[in-house]
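Next come the structures, one after another.
Here chain A shows up in two complexes: once beside chain B, once beside chain C.
== the complex of A and B ==
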């Protein structure tokens, strides 16, 4: 009896350790995911005690709404542009920091270059509103260099706002790529570089033929993560441009928030939220397939 | 003759290498100055009267240090409330997710059991669920539970991103500790919980610190839930407090930037103190930005 009991508790031990975490996570996710789909099938949810069931009407309305499609297009531009910006700047800086310099200098530059990442989005947005102001420093420098003849309203001009947003997003997000790539670089066997050097390979040759192929899985995983998180990013966009001017930088996340917490149309907001969920679920599956191989 | 030729080539190569290194330092210095400049400018503007915010030519160092923005912000009890709220939420979320997360991480790291891969994939997947998708139903549920406009509502909802992060990070860290440690203790009659608390945790201190610091940073910086799930001034956190200054004060850049500096200081100091641990751990976990 005792031995059987002991056997059972040993078998159950890992479940006991996991129980609190998995129960909390399960509850925090399953309830809202069920609810958000339910909301999207009703009208007047949350504000009315007895919402009306409307089936898929919200989805039909959404698909015929030009605002939804333009927000979708903006989301694609913002996500692809941001991820590209993060990758180029992040990988470039990782290579520079990883170059043959004194370890203390490396630590110093690395910690300085991570800084944009640790400020809250509000502070980032305020900083850039200040810099990109028509009377701000960016315009001053550009005029001094003779690149523009008169100050531009970077965040207030509908033709420029998305570019400005991409600049802000690149500044904010490159450190994650830099740090990930930097730690990936440490895993590349030194012999590969030595062999390439004996063959007379220069910097670019080594980068294209040793570093990139070796770090392909890392780059792929990190880029996907970045894509999934940028796709649903809310605070930076909302605080930098508020989706404006007009709807020039409205993305799906700011549209969701506006529908819910400005217009109080929570059912319509839930419908957009579900569409965000479906698209990011597709990318998540892609990411998990990549991760599952490593588990 | 041959040896002087080799010598000349070596000197040449050495010179080349020295130039290359100089080039790298120069490039790093210029790039770093440009990228850190927005932060320096924030500090600069916080120390200038608003009349000088946009004065030309711009100066990084103000002619005379103007402490008015800081004085105003520090003397206003409203800002103290924002800071206290952020500390309460940040510390509570960090504590809860660290305790619960470490228990789960121990289970994942030390046992093979039925469903372990699925459970691990579930934890990773939770990090991918769009925050904005969760917000709408959370709003409904939090109102229903009577937690709207309370710090409890924030602490509970912040666990959705803090907990998976803690589990993944601590799991990665515990995996680096050899299993011989626990086996020796188990033979000495230690229970599994005893092994975790008395044997593994003391060794895992760097991992715990980096997980704690980053969890705190995530909670401190969170904006969306804090904006939508609280309403009164008494329940606002630092990020929402700063964002509300914009509407309320119009363009008092000195005060806004002073509070931005003060509100960023706790995470900045923490991060700098432990960045040795944190930077290493970040990529191990995969971190929501």
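== the complex of A and C ==
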């Protein structure tokens, strides 16, 4: 009995140290999560003191709501477009700043290129609104080059707004991919490149047959992580376009906010939030499986 | 020993729970007013009140305007709402539907009030569901700010007073040079997405139109269509700055201050920002151009009491203090606005600049209108208006189709 008690106190001590953190984390995560799921099963939560239990009715209504499907489609376009933009720009710039140039210049370029990552969404959105304004710098340059005859309303034209948003999102998000890829590049053995050069491989051959295969696990991991973050991204979209013009850039996260805090339909907002949660959880499981495989 | 333990537990529990309870004589005032003041006036106001009422302390909770509506709703949901609420008229019906607001009828008739209810600016007091829900701390009419330099350059001697003159001058100013426009229309979907209530409604009211029948939407009427047609014609003639669908109210104000637009329709309170930020601007303000009516959209900072407050009487003591002619005059001067208590108007008039005098004339002579307060879903309603007017200015819809689309979507929203 004494040895069992000693065994428990010895083995259990680390768990006791973890306990406060686990309790706080559990309370902060599980309570809101439970409330959101609960809200999605009621009608008129928060607005009514005694809301009615409606079971899965909110989910059934959501599935027949064209606004939800339109926002869902926009979310897919925005997420896939952003992640592709982040990957292409991030990987391209990582290769450039990994080049064998003067160390000071390399440090300077690395520092400058990481800047978009440290700006808040508010600053990013405001800057790009000014740049993309009909009287802004982008239109001025395009007109000066003779590429457009009159200024374009990049964020106010439904045909251009999603492209503009993707540009903003790409600019904001590429540094994470660049940094991750850059650290991965440091781990590729130089001998592999030397061997490829002896075999007569040029830049692209080395990139396709040495760099990419070596960094595949890193690329897959960060792409999944980026997918999870971008899928539920709210501030950048809300502050840049507010989901407009019309609902041209409405994504699931902005729809959730609109239903909750503009229309006061908190139960419907919770239902959309749960749908985001389910999809994000699926991506997260995929990410965790990938990480476990890497380990 | 047990007694000691019990006392210790009681003391610990009381200490732990203190933040969740409100003590008698302690009230909280949630507002955005202090966020728009750099002089420290509101701290002084609270200090003066506490000196005059030693048994009541006021905790000033300041948030930016864009956060206050959201905070009031969420605070109410979790039962930690403030006692005195800084309010905006369009929130009235939405908030009373959720049960956030305390009816003020009984408080307004109390003997010993520092003001007479009949002296207050009328619009926020109008009864909805049989009760009054808020009182005005201050008021400002919507006006048209004018860049006289651009008006003269375009060949006109005086600002426009009618719709016809307005459209003609806006077109002429836009034709002056690249980058200069007659007027901006802030119809962006970016939050708060309320451009139509800043620009379209003041023009509609100056046309004698309305958008509500009680708390029922009434958007598809001829006056609304006429006003939409005015905007459409001005857009087609180039009088409106390009990019209305991505232009926010903030950008609209900045463009006017920078001297790049001839006109700006917005609350009169913006005159201090305009003259303060660009003293070189040849600036004046006038009534919103009329199409037959002298009616204006009235806006202001309102006050209400939370229905869940434990200290409603203390909350009213504070509201009553704010509405007394002396304090109300100071509060209006601090915000460069007009007082909610019209008895304070004479104090504000003394030493007021010409732009404020013009606003006083509008307040005293014209008909005030504020209809969004009757809307069951005000914020959702103006977002819908924004989206449909964007479509009209793009050429996707006629003014008649726009009015019908807004009406249909409002009815759906109201359900």
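Everything that follows uses one rule, which is that the second predicted complex is superposed on the first by the 284 of 295 C-alpha atoms of A that agree within 3 Å, B and C clash if a C-alpha of one lies under 4 Å from a C-alpha of the other, contacts with A are read in each partner's own complex, and residues count from 1 in each chain.
Everything that follows uses one rule, which is that contacts are C-beta pairs under 8 Å (C-beta built on N, C-alpha and C of every residue); 3 or more make two chains touch, one makes a residue touch a chain.
Predicted model, so just to flag it, every value in this text is computed and none were measured.
S.K.: Please determine, from the superposition on chain A, whether chain B and chain C clash or fit.
M.R.: clash
S.K.: Could you look at A:46 and tell me whether it touches chain B, chain C, both or neither (first, second, both, neither)?
M.R.: both
S.K.: Applying the touch criterion given at the start, work out whether A:264 contacts chain B, chain C, both or neither, answering first, second, both or neither.
M.R.: second
S.K.: Identify the partner contact of A:284: answer first if only chain B is touched, second if only chain C is, both if each is, neither if none is.
M.R.: First partner only, chain B.
S.K.: Once the structures are superposed on A, label A:239 by its partner contacts, choosing first (chain B), second (chain C), both or neither.
M.R.: It touches chain B and chain C both.
S.K.: State whether A:198 touches chain B only (first), chain C only (second), both chains, or neither.
M.R.: In the superposition, A:198 contacts neither chain B nor chain C.
S.K.: Go through the superposed model and pick first if A:14 touches only chain B, second if only chain C, both, or neither.
M.R.: It touches chain B, and chain C stays clear.
S.K.: Touching A:153 in the superposition: chain B (first), chain C (second), both, neither?
M.R.: A:153 contacts chain C only, not chain B.
S.K.: Contacts for A:137 in the overlay, against chain B (first) and chain C (second): which applies, first, second, both or neither?
M.R.: first
S.K.: Hey, what residues of chain A end up touching chain B and chain C alike?
M.R.: Residues 46, 133, 135, 239, 261 of chain A touch both chain B and chain C.
S.K.: For chain A, which residues count as touching chain B in their complex?
M.R.: Residues in contact with chain B: 11, 13-18, 20-22, 24-25, 28-29, 31-36, 39, 45-46, 93, 96-97, 99-101, 105, 107, 109-123, 126-128, 130-131, 133, 135-137, 140, 171-173, 176, 179-180, 182-184, 221, 225-226, 228-229, 231-232, 234-235, 239, 252-253, 256-257, 260-261, 266, 269-270, 273-274, 276-277, 280-281, 283-284, 287-288, 291-292, 295.
S.K.: Enumerate the contact residues on chain A facing chain C in the complex.
M.R.: The touching residues are 46-47, 49, 129, 132-135, 150-151, 153-158, 238-247, 258, 261-264.
S.K.: Hey, which residues of chain B end up touching chain A in the complex?
M.R.: Result: residues 21, 24-25, 27-28, 31-32, 35-36, 38-39, 41-42, 45, 53-54, 56-58, 100-101, 103-104, 106-108, 110-111, 113, 116-117, 119-126, 128-141, 143, 156-157, 159-160, 163-164, 167, 192, 217, 220-221, 223-224, 228, 238-240, 242-243, 246, 253, 256-257, 260, 263-264, 267-268, 271-272, 275-276, 279-280, 282-284, 286-289 of chain B touch chain A.
S.K.: Which bits of chain C are touching chain A when the two form their complex?
M.R.: Result: residues 69-70, 73, 77, 94, 97-99, 179, 188-191, 193, 241-248, 251, 260, 377, 379-380, 383, 386-387, 390-391, 394, 413 of chain C touch chain A.
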